[in-house]
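Several structures are given next for inspection.
Below are two complexes that have chain A in common, paired first with chain B and then with chain C.
So, the complex of A and B:
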């Protein structure tokens, strides 16, 4: 995404994805612009409010248009025998009467108070479902994301160093294939190879059969495959963007100057080329969050990971609206935080960018 | 697909004298050849999907339990699944469903995207700002999650999948079209048309849209693999195409059980049927992009 004509930078990256011409930098000391960054974060938090309102309202509008009746869902098979009076009573108890805007407002006010409703499919309060599973999902995503960024950047630098060489061809080719491969397919093949063929790693779950408590050793063994697959499915973007950025930077004057001064190749590559080539990758860190969540949904399903994904799929098959709505809001929040994080990283990395203008 | 080739980066400012010659005839030949392999692959895919079903009619429900889970052999080049069905034939049928869903969904998304993007770009002002805010909202919900939500609220099946892909994927096309319209707005021929008394509608339809179409077409082609991917992911989660119907996602889903019995082939082939057309379309789009604008360095985008 380097050209202004075909693709626009992703949301939250309005300023600075293109190589901006050096702007007059606002006068500030050598320290980092903490106050300006805090103001940027506050502005983004304010801008997130209408987005969240729109997303939740849209969800309620979709639910209102749905042919499924949540009351009958709640009642289950008993709903078939229940009288209309009972069902009406139930509808009132579940606060499902009135137009969808009214339901939405009730949901919003109670959600702000911490009550996210009752999950029909798991027979638990939604807040409890999310609280129990959130940690496992965050653990999986965080490790995989860090791994993908670090490995992808390294591979990108290695590939950019000798463009057109065999290493470059291998990395680029593999990256394109991995980009095209669905994560669930990669996950299943990994299960076959590592768990069945080699028999070195467990195929899924969190504990060994019959074990009750989670120990650090068994957790690491069970984490290895899901984390590896998620990281590998996210890695190509970082590798390709880094490769492009570093390859561009290698042709620019600062690198030529560094070479002319006789600096070591490693210093030139990591100290000069990578530093300026990394800027588009920083934007990518934020914009990849939705794909990370998508990938995590699929990978968690493949490996029966006890995270939010399995609950989401369960909720979807049972049309469990309260849980789905909460998960959607949560994912939206994660995406918005990711965008903000990318912008903050950008401000830290590129002194030409003025946080007041983002 | 195209970035591995250094002759590609034809930036006149940086090359030494020799680089000028290298870009000439050799570079052009390399470019045609690069476009050829993906073209053949895409053509083969489309041909297989169109020709195989009439020639080899397949009863989707037919089972042959005596021949179940055979590994690949001359008789069944891809092996058989847990019901004894030939995987090659079933994969082609699955690709047919997935490709159909992908093409229809990509068309829906592209039409919506062009309409919204062109309206935002041509009207400008408040409409533009409102549309871009809406785009931000749609972009901030992960696409698969939105798809899951839509399918969950309606019945799983082909149409909710098409609708969910169409509703989530128009955003990128709208952005591209809007940016392109904005870049066209300052051109003299538009000023000429406006001072000639052309209405806003006429300017949009006659002068803006034709200029936007090559880019939008490219986006539409690149959308097809996205849509196939999306459909197979939903089907894999059991929320897409009904399980008895062969689609690439349902086939991978059905293969989960037999994979644990060691039958790798039931998983491998349907996935390859997703990967290979995706790569072919990406390669084709890369060649197309270079044709639209040969000066520009080819980008990394899928």
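So, the complex of A and C:
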């Protein structure tokens, strides 16, 4: 929480605009509205608190309403031979009795004190579960996301350049097909083709089963398929949005003006059309984060990737309240941060946007 | 420069020459094993239930089972002495054994293990298996005495459960401590890494009291999906895996030249339909007997199990020494119809029988997602329909099924091969009716109760066999469950080791069962 309690003086003034106007909103000088953006971030952080509280309460309510009984899940197959006494004792020991609001309150108070609790399903402290797995998930998602944005944007621009051309038809056609394909299905297909049919890439895991230490080379090989599948499943949106945005921009006056001035086609395309066509894509970055997380859930499961998403699946089916609450908070944070990031990028990209109004 | 290259080549040459002279001790084929299994253990802590049936790799029990499921001493120096009319079991311990952290193993560790499991603060769902145990004491450093609440002939079978180090648990929370993931045992292997959801890696314990294993590195890869497991076995990433029969057959066809072999393990893993006593249809002895002979078990084995299994007439497999010969039932739907006619269940307009205005109809549940049980249930319902009994097959989670067990039938499963008491008592004794998932049919037969108690009390094996034969004959007379099949567990593995065996396997399988139950004794083929 480093955001400053904002002081009154107009932001962006010190950045060196000569005739600093009182509200530098419509001025696209050297200065960017940094302070306004910081205030936006601070406002969002404040708004996140009630959201997080509500979301965790919701997670506890959902888990309590789910037909899965945490004691049965804990006991596993041994529970099918245990006596009622044993099961009752377990329920008491695991502190699983009482209404979900009570459990939620217990969790919330200890979580605020820094103790995230103990994962019943993985029999580990929740903090340890997250610590061990977070890095692998972030690695997977980050690379896939960057790949999806970059490739999607490139394909979109290429498609928009000659709308209706064979390249455009290929790109849009493929994008629609991929968008309709569920990531786990793509995953199985990729396993079948690359691991089984061609035998060039490992079908899953973090390392070869024989290896113990994670080396960069083997990590890259093992990352290839899950990252590829996740990126491909996210890519169509970016390609389609960019195509639309750029296509629209190409018909606008600034582009025509640029063409009229005899600028090179590449400058026109990337310097003018893409720039204004990217705006809708930026919002997409934020809104795609939930999709990315869902995609990661499926991809991590298919590829036995030891990330946080596969632990989430386990937590959900096992009614593992503490772990479920923690991963829900993480996912919510990811979505909120994603949205904030999109808005900030928007401010950076479009000087007409006023961060104070977001 | 040139000289450096020559020197390098020379060095490489010597290295290459020296390798073969080291012979079998050098790393080569057969000294690592990568196994694909479907289920990851929840914990590696024996105090919470890990490895309770033996073969835990990291730990040893006082006793162990050999390939024929006979008890052999492990951390005990010999089989226990039974005294006081079957209430006292005295174990003399093996000396000079140390845990992997270097601390010596002694009687205190045994006492600590058993006492902690029985402690009500310990979250061990299987603790009921030690129900007979009243007290465990260390008589001296190498003698442990178990006092039982009642004479219990099967108790020694329970002492295969792994022994932990008392010192290692000092100051730790039994339920949440690091021992769930970092076990310290006396066993043939030491855990060197566990990437949850992906794999567990074990290395041979060079100081193992039973001799260092030849397979030096053992990896258990967790792959839930059957198809992916088969794929990775085919691509060579795995050396062995558990597979459903249908997938294993694809290896049987084209696998021979690839050096793979298919292994079918016999099991005590049964599938049975519970026939609740409280339901007026399934509680009727005539209906039970009719269903028992109307179902075509051989057809189920053939069509549902692809031949990988056997017909079951009770929890005791037909080839077990405990099986009561002559209690096999012939498939005879005509006789089934006669039984129903004689009992007053007359065919109605819709082809379903009726008695006193009641339709011969009931609901049969199976746990959702379990395809094997689903197919068993559907086959059973189809056979029942032919004799005029209408079974509605439904699926649900155990949480949905549990409250309905009193009135509705359930396609259940189970099987513990070590002793007939384990399955028979919990399935059939009236005192356990609907206690948790024990005796789900609420079976209540005084003759069976008496024989079950006699089977526990009798010390002599022949007396016990007679008692369990009585149970099985009574069950044939009043079949409160329709036992359908014993399901083989099928494994596919590289043909690179000598003398691969399997034990008779329990219902739960994956980690301690399978051909690798005794991987510490494997020898690579030359």
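Definition applied: the second predicted complex is superposed on the first by the 287 of 358 C-alpha atoms of A that agree within 3 Å, B and C clash if a C-alpha of one lies under 4 Å from a C-alpha of the other, contacts with A are read in each partner's own complex, and residues count from 1 in each chain.
Keep in mind that, in the parts below, contacts are C-beta pairs under 8 Å (C-beta built on N, C-alpha and C of every residue); 3 or more make two chains touch, one makes a residue touch a chain.
Bear in mind the structure is a predicted one, so any value in this text is a computation, not a measurement.
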Chain B versus chain C as contact partner of A:205, first or second or both or neither: second
Chain B versus chain C as contact partner of A:294, first or second or both or neither: first
Chain B versus chain C as contact partner of A:176, first or second or both or neither: first
First (chain B), second (chain C), both or neither touched by A:123: second
Which of chain B and chain C A:336 touches, first, second, both or neither: first
Touched partner set for A:191, first chain B, second chain C, both or neither: both
Residues of chain A touched, compared between chain B and chain C (which is higher): B
Touching partner for A:328 - first (chain B), second (chain C), both, neither: first
Where chain A meets both chain C and chain B, residue numbers: 67-68, 188, 191-192, 196, 203, 302
Contact set on chain B toward chain A in their complex: 1, 3-6, 9, 11, 14, 133-137, 139-146, 148-155, 172, 175-176, 178-180, 183, 215, 218, 225, 229, 232-233, 236-239, 252, 255-256, 259-260, 262, 264, 267-268, 270-271, 274-275, 278-279, 282, 289, 293, 296-297, 299-302
Touch list for chain A against partner chain C, complex: 67-69, 72, 74-87, 89-90, 93-94, 118, 121-125, 132-133, 188, 191-192, 195-196, 199, 202-206, 208-210, 212, 302, 304-306, 310-311, 314
Sites on chain C touched by chain A in the complex: 32, 34, 42-43, 45, 48-49, 120-121, 123, 125-129, 131, 175-176, 180-181, 192-193, 195-199, 201, 217, 219, 221-223, 225, 227-228, 231-232, 234-235, 237-238, 397-400, 414, 426, 432, 435-438, 507-508
Chain A residues touching chain B - in the complex, by the definition given at the top: 1-8, 10-11, 50-51, 54-55, 58-59, 62-63, 65-68, 163-164, 168-169, 172-173, 176-177, 179-182, 184-185, 188-189, 191-192, 196, 203, 240-241, 243-244, 247, 251, 290-291, 293-294, 297-298, 301-302, 312-313, 315-317, 319-321, 324, 327-328, 331-332, 335-336, 339
